[in-house]
Every structure is written in structure tokens, then in C-alpha cells.
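Just below sit the structures, each encoded as C-alpha cells.
Shared between the two complexes below is chain A, which pairs with chain B and chain C, respectively.
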Partner chain A sequence: MFTEIQHGLSAWGSFDTWIVITAALAAMACALPGVFLVLRQQSMMGDALSHTVLPGIVLAFLMSYGLRNAEWISPSTQLATLPLFLFGGAVVLGVVSAMLTEFVQRLGHVESSAALGVVFTSLFAFGLLLIRLKADSVHIDPDCVLYGNVETVKLGVAGVPRATAMVGSLLVVNLTLVLLFYKELTISAFDPSLATTLGIRARIMHYALMATTAATLVAAFESVGSILVITMLVAPAATASLLTDRLPIRLVVTLAIAFITALVGHAMALTLPALVFSRLGFPEIKDASTAGMMAVVAGMLFILAMFFAPRHGMISKGLGQTRLAFRLACHDQLRALYQAERKTSLGATVEATAWTKTQGFILHYLATWSLILSQQIARTAKGHKLTSRGKRAIEQIITNVSDDTST
Partner chain B sequence: MSFQRQLDWPSKTGSFAVRRSAMQTAICLLFIVWSNQEITAQISPHSEASGQGHQTTSQKPAGSLADNRLAWPAAADVKRVLLMQDYNTRIVLWGTTTLGLAAGITGTFLLLRKRSLLGDVVGHASLPGVAIAFLIMELREPQSGKWLPGLLIGASISGIAGMVSTVIIRSCTRIKEDAALAITLGAFYGLGIVLFTIIQKLPTGSQAGLGNFIYGNTATITQSEVDLIWRVAIVAIVAAGLLFKEFGLLCFDEQFASSQGWPVVLLDLILMGLVVAVCVIGLRSVGLLLVVALLIIPAASARFWTEKLSHMTFCAAVIGVVSCYVGAVSSALFSRLAAGAVIVLTGSVMFCASLCFGTRRGVLLRWYTRRRLNQRIATQQLLLAIFETVETALLPNPQQALTDVTVTLEDLLPKRSWTAKQLRRSLHEAQKAQYLASHPGRGHRLTAQGGRAAHRAARNHRLWELYLLQHADVAPGHVDRDADRIEQILDPEIISGLESALFKKYPQMAAS
Partner chain C sequence: MASESIPPAVTVVPPLSIHDLTVAYQRKPVIWDIDYVAPAGKLVAIVGPNGAGKSTLINAALELIPRASGQVRFFGEPYQKQRHRVGYVPQRESVDWDFPVSALDVVVMGLYRKVGWCLPVLPRHRKTALAALARVGMADYAHRQIRRLSGGQQQRVFLARALVQDADLYLMDEPFTGVDAATERAIVEILRELRALGKTALVVHHDLQTVTEYFDEVILLNMRLVATGSVESVFTTDNLRKTYGGRLMLLENTDRIVGKGTSG
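Take a look at the complex of A and B:
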């Protein structure tokens, strides 16, 4: 198995390094605004925007050719500026869709996810119709304009692929913006009314964030494809939110997770399919979609964090709950013995307390054993009795409880 | 190939002057989108046949080809489409409207559970299931991978898995619903893409067109799919009918339902199972976009019209059916309109109309109610302010009546925090209601009716003030300072007690 992995990775060349760098930069660039989107509970924005940019691209395309046919710009300028037009159209529609969603939600008191759903399906349908009506004979392949592929990075000027330079500059811009507006972003994400009273325009921050996100997403769509972008917008930020409570640390952790996801994703795309499918009898399968595998890895990292996160993980939470239940079971048993002892007032021994439905018998016997081991109760012929140590413990608990209830 | 055609667009600059301004950019855009007719003439006929719009219109005379973009179809065509005489039209109409019905009903519950985007997630999450089902069937027996029921079962299972994982993420961690949906969507869709790239490299060769095979298109819907849609729709209607009360309880108060002993998890699973069924069959027959839209838009539109769950379900079903019908018919009549997109856009138009004109939560209605309330409060405040002014003026000579004193704008302006403009508008409204009579140059005077109203407003207002002072510990929530309903809310004894206190404080109120 290890030889197979080695074999898969042995083909790693500078091309693969560029893929990982591009994907990692794109993932980090998306994850940064993603942290704030997750805080504001607008994570589905990525998926919605990947649809709503379609009419923007079609309109920009038509406008570009319209200007050319109206002889306002020359054909060569038109061809040169076409990518810029498409990018601009996509960004504009991204911002428009964010604003429309907000508008529908505010005006109609529609629930936010429903508003998003209405807006993005409508805009996408509008884009499709526009293609059918106007650009039927024109080759606008949204897949091609919109969705790049991280596996097809081409070397550009000075040995750096164009897509890499693009997402790299995106990351730099986003980092600068987040550092510059860190306080404003944080306050308006956590408490918009407080932000307003402090003189920060929460509304403006919201639209600025939406515009940045839309621009980032569109640029990243074009460089690395939609699936990677949609996932990377949310998954690293959500994973980081399970790992830490402090926002600055969360930002750093998010970036780290985005990087790890890209690296591991590409490595797994090269090795895992061959590993699985050679056993199933298909030795032809060597590798699989890198972007898809990165999304899967992002999901797997999230599942790992979901189980093993130090404070918010399911295992640590479950352990904490079990510990609490165990302590309560011990207390219950001590209390039952104490009450029985006081009721009889004669003998120090009483029957072993029966396990109750709320505790379950496993907890009950565990508690009994631990109490015997810590010498708080002692086994007798008929059952258990409190030792002096146990009596002190239960009296202390009872006083504490009565103190708590009296205060 | 098609760029070439684009280059040949005839220049239309002659029709408007060449001025380079931002305005013209906009005009140009509109111009291109809506009125460039020449392009139509160059459209090759095969583009109509390929894909979305299904053609039922008969061949146009050659002369009108140049300007037949969205030309009105002949009466005979309209009749044929409306009476569903064409097999193709009939299939598409039945299929989409039935799907609209089922999606409208299930979407209602989805919306109320605040899970509208679940349809989107299930749609994407079904991708790996399709791939895995294909792989399993291929491994068992080569060339059998495209057995449709197997693929649909795979899609359903992984759709359910995606749905369950969002529920687990949301309920077991601190992650909110939206992030849970987005992560599930991304991870499942990513897995699907990975598997599909692998399938493409398989040497069997039977995988060609698998993507299109499972992700359908409204225009290419077939009889067998319509039959499947019918069954799903009947199941959805029967389930919603039988479990209506339970689903309602689940939507509005899940905790209450579980405390009453209902099997909440099971009910939730049944409801979500219905959603997955609608999604998967819709995905196969009409495509992802339309299913997602049909699950969200009709339900969201219906919410504006009613506050009752049964009415809302009915209304959503009707809106779903109507938008599907209109979309399918117009796509049959105008061959250039894609059915799926037109259905969604019809739904959007109905949503916008509901948003504006809805009789329960519509924007116009809310705007009107708020305006009326504001007006009423403004009039009340105006009368109070006038009463206070007149009252002070009357103190030296108590034999005069309320209606004898003239008040001016300047008297009233400092009484409340209103601007002169607002005050003037309120004065105008009060005049229209015949509470005030205007005396040009001197100001306004209360009419007899206005005097009564002002006195009554002041009395009620002051009674409430006294109530707050004396009985605030009883029920401060009762207090409605501007309401005329003090007699209906408070006991007669309390009112008479308050009144005697009032007359002690303001003796002049007892006199008038």
C-alpha cells in the first residue's frame, strides 16, 4: 500500500506544486471572507452566487459585442477587454443578487434562506433564457467562462501561472481588507446594532462584504472552478469555529486549514483512486478530480473536527456529559444511603439502592464501585453503608445545595 | 463557429445618434437585448430542436422569418396547445404541473421548517449516489450500469444521507443550519465529481452520457417519467393529507410535539423523505434548477396570502401548478422560450406579485396599515396637544367652551417633537375629518365634534397615566396609551376610581 502511495506521489512535478499553490491561495482567499459569512449565517451565498453570475456574464458579453457593433470600440479593443467585461458583469450581478436577497428579506419578511433561493433561481433562469433568446448562435459556454479548472493551470509570464497570480493577488487584497477593517467587520458581524451606535455603518459593511465576496468568488470561479470555491468559502471557517472561540485565532486556523486541505486534497487525488480501484479490478484509474477531492478533504477535516475538537467536539462533549452523569450518580447514591440511614436511625446498613431508570444500571454500578474504592461507602452483608468519610462528603454536598437554593 | 456569426451583426447605429454617454450604454444594452431582430434571421433551425424549447408551432411563412422573434402564434396553434392535442405538449404539461403540485405541497413544510435550500443540497448530494450505484452495477455485471431504478435508488440514498448529515451537524455541533447545508453540499458534490472523473476513465465505455442520463431537461420529459412523477405526487398528497396535523405541529413547535409524545424524528424523516423523492424524480425529469425553484418559490409566495397552514399548502400547490402550466404553455407557443427557465420566471413574477399584493403579509397591505396607524396616532396627538393648549387658555375664564379658543401653528409646534411640515399635514387631516375649523389668518378652532374627540382623547390618555401610576404593578402590559378602548380593557370600578382621581387633578375636565 505504501509503495502504491509512493508510486502515485513519485510523479509529483513542478506542475503539481503549482496546482497546490494555486488551489491553496484560492482556498485561503475564499476562506477569509468565509469566516465572516459563517458568522453572519450566510454560508449558502457561495452556491447562490455561482448561479447568479450567469446573467451577468451573458449581459456583459452582449454589451461588449453591442458596443463593438455600434462602432464605439474597435474589434481588437473589444476582444482585449472582453474578459474584463465578463468579470465586471459577474461581479455586478453578484452584488445585485446579494442586495436583492437582502431587499426581499427585509421588505417581505421572508426567511433568509427562502429569499436567497427565490433570488438565485430567478436570476439563473433569467440568464438561461437570455442565452436562449439572444445568444443562441453565440458561443457562450458558461462552464468555460465561469468555471476554470485548477488542473489546467498554464504557465504565464515569469514562470508564474496566470491563475496563480490572480488568486494570489486576491488573497493579498482580502488580507489587507480584513486587517484594515478588522474591528468594523467583527463588531458588525456580532452585533449590528452595537456597530450602528458606535458609528459604524453596519449596512455599508454588509454590502462591502458582499461585494468583496462576490468579486473573490467570481475571480476564483474563473481560476479554480466553482466546487472548490463553494466548499472553501465555508468548510475551513466552520472547522475553525469548532476548534477555537477567539476570532483572530480562528482567522489564522482557517487559513491553515485551507492550505492543508489543498495540499492533502491534491495528494489524495493522485493516490487514493489508484489505491481503491486497482483492488476493484480497474488498474487504469490513476487519479481523479483535484478540486472534487479537495472538497471531500475539506468535508473530512470538518468531520474530524466535529468529533475530536478539544472543547466543542462531540467526543469531548460526550465525555463531559458522562463525567457529569457519573458524578450525579455518585451523589444520588450517597444521598439515598444518607436518607435511608436517617430514616431508620438505628442501623448503619441499608439495602443497596436500586438503579433508577434515569441513571441506567451501568452508571449505577460504576458509581458504586468508585465510591467503594474511594472508601466513601463500605460493603456489608446486606448491602452498603456510609463510612464516616462518605457521610462528611454527603453532608457537605447537602449544605452546598441548600446554600445554592437559598441564595 | 458561432463567434463568426456574432461578428456579422449588422450595425444599427443609424437608428440613433452616436453620442457617447453612460445613458447610451444603457440604451444600447436594452437595444441589444430586446430589439435586435436581424440576429433571429441567422439562427440556424437546429438550435431550436436541440434541447429546451419543444416546438409545436408550425412552420412560419418565409417572409416573416426576419421578424418572428416571439411572434404571436396562430390561433390554431394556441388552440392545439391549450387543448393539449400534441403528444409532446401534453406530456410536458402533465409532467411539470404534477411536479409543481407535489413540490408546492412539500415545499410549504420545508419553508416553514426554515429549510428551503435543502432541495438544492439534496440535488447536489445525490450525485455521488448515482456514481456509486453505477459503479456497483458495473462491477456486478458490465454494461448494466445505466439501469434507471438502480440509479434513482442510489440518488435517493445519497440524497437522504446528505440531508441526515446536515441534521446531525446542526444538532450535534455549534454549527448553524446554513453552514451545515453548505458543507454538506460541497463535500457530497465534490465526492460526486471525483467519482464521475473516475467513471469517465473506466474502460467499459457504457458510461457515456451518464450525467445527462440522470439530470434531465424539461423539454425531453418522457411518458415513463410522467408516470413516476404522478406516483410521487400522489404519495406526497396522501402523506400530507394523512399527516397534516402532525406536520403542522412539527413545523410550528417541534418541542411541543415531542413533549406530546409524537415521534418527531420519524415524522421529520417522513417529511424529508418526501422532499428527497420529489427532488430525485424532479432531477431526473426536469433538472436541478427547476426542482429547487419549485420547492421554494410557490411556498414563499403563498406565505403572503394566508396565515393558515391548510390555506397555505393549497395556495402553494395552486401557484406551483399555475406557474408550471403558464411556463410550459408559453414554451410550447413560443419556441424560443426554454420551458424550465420560463416556469421559474413565471414563478418569480407570481412571487413579486404576492410580495406586493398579498392579503396577509403583502408589502402594500403592510404599508397601508402602518400608514393608517401613523395617521391615527398623529391625529390623536394633535387633538391632545390642542386640548392642552386650549385648556391652559381657558383656565382664567372657565365659562368659555373648548370650541371658543383659536390655536395657531406656533402654539402647537413646541408641544410635541414634530416638524412644522408634519404638523401642517396633521392639521389638514384633522380638518378633513371635521375635527377642526380653519379661520384664515387667526388659526384653527375645534369643532363641536372635535371638542368631544379631544376631550375624550385627553381623558383616556390621562386615565392611562393615572393607571400606570397607581396600578402599574397589576398589568403594565394592558396599557395602550392611545387606545379608545379603556372601558373594554379595565374594570368599571377601576375606571371610576381613576376618574375621581382625574377630576381631583384636573377639575376643569369634570366641568366639560
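Take a look at the complex of A and C:
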């Protein structure tokens, strides 16, 4: 097994390093607005925005070529400024879809997710319609606009692939925005009415977040593809929300998770096919999609957090319950012995079977052993008896309980 | 009572004056033709049945919801110009208490305007916030995540957040709802401190039993204004009957509520 992993990773070259760097930068860039989407309980907004930006991109595309055809700008300027046009289109549509959603929600008296559903399908359809209508006059390939692929990073100027430079600058921009507007984003997510009375218009902040998310989506789509982007927008932030109760820490943890996801995802894409599929009898499967594997890793990390998170995880919650049950079982045994001793003038012993029925067998067994080990009870020929230490313990418990109930 | 000790003939600009205010949700009016001038340095209860538009009145005054008509002036000027002199305490249920912030973080939010756009929160801001938490008896819980506070403690965090705003007029939406006795005492104490400093508070209040004890003035509201004025003159069985109509199940008790002395 290790040889297979080694073999898989031995092919790791500078190309793979660039793939991981690009994916990690893209993942972290997307995860930042994602933290605030998750905080506002609007995780689906990212998914919706990925569709609603289409008409904006198409219109921006058409406008750019329109200016070129009208000879207002030279072909070289047009090509150079095209990405800016596309960003602009996405940002405008991000705000428009947020506004339209509010409008439909208010006018149609429906909940926000229903309004979102109506708006995002309509806008996407409108975008497709535009492409159909204009496909003859201008060549638009939606694949090239929307669906990039992280495995095709090409070397660009100065050895840094263009896609890497793109998502790198995206991360820098998003990080700057989050740091600058940290207070404003936080308060308008937590308490929009207070924010508004303080002069921080919560609605404007909402539009700004939507615009940033839309721009992030477009920039990252082109570089690393849609699967990775939509995964990274929500999954790392959701995982981090299980791990931390403080927002600054949550931001850092989210970035770390995004990075780990990218790294582990690509390593697994290289090693897993050989490891799993060849054994299952599919030796022809030699490769797995890096973006897809990163999505799998993101999901797995979330499941791990769901189980093992320190406070919110299922295991920690379950352990807390078990620990409480165990403590109560110990107390019950001590109390039973104590009461039995007070009843029988001889004091001594109680049949162990007398109280097994009231508790689960395993719990009872564990409680007995822990009491023996801590020398609170001792074994006798017929059962168990309290030691002096156990007697002190139970007397303290009994007085504390009566204190608790009296207050 | 405080009203007797106020020097006469001083023309003070009223902290809040509402003229002809109407608010409608989907063309159905919620509050109608409200005319009200709040006296300075008084504690005012806003009282009325469910759906009477009590919260709407506050939200419309603060421009959180659109008005159908009417004018609102704070200290004689539009709200935008006097924002910094108005503090707001929203209903406790209006926010998500699972939000990853501590009690101290929430109180610091009240200072965001003073901190300024894009600037970081400084240690002196945190010190101010901590002092406010101490005033409401919550200093020990400053670093606790807000979900792990009781309802009363959460309400006190909100109150501390309003205190750091250092406003001259406070609008509070049901601060007494669902809180323990200790919190209720703490809130009343803070309200009286504010009044002693010459500040005004308008408080949406549900518990008719305590109106005479806690407040100087009362606004009786049921979509329209039923009556406004000092508790002694306005908070009568007759007016309560007009405000609550048949819904006042406590009507048998109103004599007791109203007559329960105004020494508070």
C-alpha cells in the first residue's frame, strides 16, 4: 500500500505544486466571503450567484466587443480590459440579484429562499437566451467563461501561471476587504437594525458582500472551475463553524481548512486511483479529478468535525452525557451502600445484584470498578462495603444535593 | 415625583417629536396619525395589546421601516443629524445568539460608530465596554459566547451595549420580556440612573402591573394613540379599557394596577 502511495506521489512535479498552490489560493479566496455567507445563514446565495452572474458576463462581453467593433477601443486594449468588463458585469449582477430577491420577497410575500429560487433561475435563463441570440455576431464560449479547470494551469509570465496570479490577487483583495470592513460586516450580519441606527447601512453591506462574492466566483471559475469554487465557498466555513466560537479564530481556521483541503485533495487525486480502483479491478482508471477530490476532502473534513469537534461535535456531546451518567451511577452505588449500612445495624455488606437492575450492566460494572480503584468501596465475601473515604464522599454528595435543592 | 422639581419656563427642545406618523404594511395601516412629543428626562412606557404597533412606532421613528407619511424629529432635527444622540435596544429575539461573538464583542458593537469606518477596535474601546458590562453586573461573563448566557444575561448585554452609545434618548423594545427578577431590577436601576442624568427613555412595556412603579409617562397605543401623558393622569381603567378593548383579560385587576400608588 505504501509503495503505491509512494509511486503515486513520486510523479509529483513542479506542475503539481502549481496545481496545489493555485487551488489553495482559490480555495482561501472563496472561503473568506463564504464565512460571512454562512454567518448570515445565506450559504445558498453563493450557489445562486454562480448562475445569476451569467447575463452580466454575457452583457459585459458583448459590450466589450461592441466597443471594439465601433472602433472606440483598439483590439489590444479590448483584450486587455476584457477581464475588467467581466468583473464589472458580475458585480452588477451580484447586486441586482440581491435587490431582485428582496423585491420578489416583499412583493410576493414569500420567504427569501423561494424568492432566490425564482430570481436565480430566471436570470440564468436570461443569460442563456442572450448567448443564443448573440452567438452569431460574437463568438462566446460559455465553457471558457465559466468552466475553467485547475489541472490545466499553464505557465505564464515569469514562471507563474496566469491562473495562479489571478487567484492570488483575488485572495489579497478579499483579505484586504475583510480586514478593512471586519466590524461593518460583523455588525450588519449580527444585528442589522442596530447597524443601521449606527449609520452602517446593513442593506448596503449586504449588497457589497453579494458583489464581492459574485466577483470572486467569476475570477475563480475561470481559473479553477466551478466545482472547486462552489465547494470552497461554503464547506470550509461550515466546518470551521463547528470548531470555534470566536469570529477572528473562525476566519483563520477557515483559511487553514481551505488550504489543507487543496493539498490533501490533490495528493489523493494522484494516489487514490492506483490504491483503490486497481484493486477493484479497474486498472484503466489512473487518474481522478483534482477539483472533485478536493470537494470530497472538504466533505470528509466536515464530517470529521461533526464527530470530533471539541464542543459542538457529536462525540464530545455524547461523552459529556456518558460522563454524567457514569457519575450518577457511581453516586447511586455509594448511596445504596450508605442507605443499606444505615438500615442494617451490622452495617457491613450489600448484595451486588441489588442495584444492577436500575442501571445498564456495563455502566454499573464500570462504576463499581472505578469506586474500588479509588478506594471508596471495598470487596467483601458477599458483595461490597463503603470504606471511610467512600462514606465521606457520599455524605458530602448528600449534603450538596440538599443544598442545591434548597436554593 | 421628578415632574415637580423641573424648573419652569425652560424651553427645552423635545428629544423626540412625532407628527402625523402613519405606517402601513402592504397598504394595511399598522399605526395611524401618531402625534407625540416626548418630554425630556422622563421614563416613558409604550403600552398596548399585541399588534398595536408598539415596535412599529419605534422602528418607523428610527427609519428602519418605511413610513407612509409623517415627520419625526430628534432634538428638533432629522434623524440623520442626531443619530449619535439616540440609542436603540432591539428585541432580544431579533438576533442570532449562536453568532460567534462574546458578550464583550457585542457591547463593543455599540461603539462602532465612535471607532469609525475601517478602523480597528482599540483597548480603550474594550475598556469602555467592560465598564458598561460591570454596570449591568455582567463583568464576569465578558468573554463568554453569547449562546451560553441566560435570557436575562443576554438582555443585560444589550443594555450595556446601549449604555456605551452614551445617547440622550433611548428607544427600547421590550427589554423586560422573559427576564429574571435580578435582571428586571438591574434594568430599572439603569433606567433611573439615566433619568437622573437628564436622559429620556421610551420603553415598549408589556407588564401593566409595573407601569406605575417604573415609569413617569405612558403612551397608550392601539394603532392610534389612545392617550399620552403622565402615569397619574392617563393610566386609568377607562383608558386601559379603550386601549385593550375586550382583550384586556386583566380588567378585573385594573383598579389594582392603576391604583397601586405612584410613589415609584
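Note that in this section the second predicted complex is superposed on the first by the 293 of 407 C-alpha atoms of A that agree within 3 Å, B and C clash if a C-alpha of one lies under 4 Å from a C-alpha of the other, contacts with A are read in each partner's own complex, and residues count from 1 in each chain.
Everything that follows uses one rule, which is that a contact is a pair of C-beta atoms (placed from the backbone, for glycine too) under 8 Å apart; a residue touches a chain by one contact, two chains touch by 3 or more.
No experiment lies behind these values; they were computed from the predicted model shown.
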Practice item. Superpose on chain A as described above, then tell me if chain B and chain C fit or clash. Key: clash
Point to revise | chain C versus chain B, contacts on chain A by residue | key: B
Check your understanding: Touch check for A:Lys134: first (chain B), second (chain C), both, or neither?
Key -> first
Check your understanding: Where does A:Val234 make contact in the superposed view: on chain B (first), on chain C (second), on both, or on neither?
Key -> first
Practice item. Go through the superposed model and pick first if A:Phe124 touches only chain B, second if only chain C, both, or neither. Key: first
Review point. Should A:Ile315 be classified as contacting the first partner (chain B), the second (chain C), both, or neither?
Key: neither
Check your understanding: Does chain B (first) or chain C (second) touch A:Ala11, or do both, or does neither?
Key -> neither
Check your understanding: Can A:Leu242 be said to touch chain B (first), chain C (second), both, or neither?
Key -> first
Review point. Is A:Leu84 contacted by the first partner chain B, the second partner chain C, both or neither?
Key: neither
Exercise for review: Examine A:Gln41 and indicate which partner it touches, taking first as chain B and second as chain C; both and neither are also allowed.
Suggested key: both
Review point. Is A:Ser193 touching the first partner chain B, the second partner chain C, both, or neither of them?
Key: second
Practice item. Between 364-372, 382-390 or 436-444, work out which stretch of chain B sticks into chain C after superposition. Key: 364-372
Revision key, fill the gap. Chain A positions within both the chain B interface and the chain C interface are 41, 109, 241
**Study point:** Complex contact set, residues of chain C against chain A
**Key:** 26, 59, 62-64, 83, 86, 88, 90, 94-96, 99-102, 105-106, 109-110, 112-113, 115, 117-118, 120-121, 145, 161
**Study point:** Touching residues (chain side chain A, partner chain C) in the complex
**Key:** 39, 41, 109, 180-181, 183-184, 186-187, 189-191, 193-200, 241, 244-247, 250
Practice item. Spell out the part of chain A that touches chain B in their complex, as residue ranges. Key: 38, 41-44, 46-47, 51, 59, 62-63, 65-67, 69-72, 75, 104, 107-111, 113-118, 121-122, 124-126, 128-130, 132-134, 136-139, 227, 230-235, 237-238, 241-242, 269, 273, 277, 280-282, 284-286, 288-289, 291-296, 298-300, 302, 306, 312, 314
Study note, to complete from the structure: chain B contacts chain A in the complex at 1-3, 5-7, 9-13, 18, 20, 25, 28-29, 31-33, 36, 39, 42-44, 47, 52-53, 69, 111, 114-117, 119-120, 139, 169, 172-179, 181-198, 201-203, 289, 292-293, 295-297, 299-300, 303-304, 336-338, 340-342, 344-345, 347-348, 351, 355, 361, 363
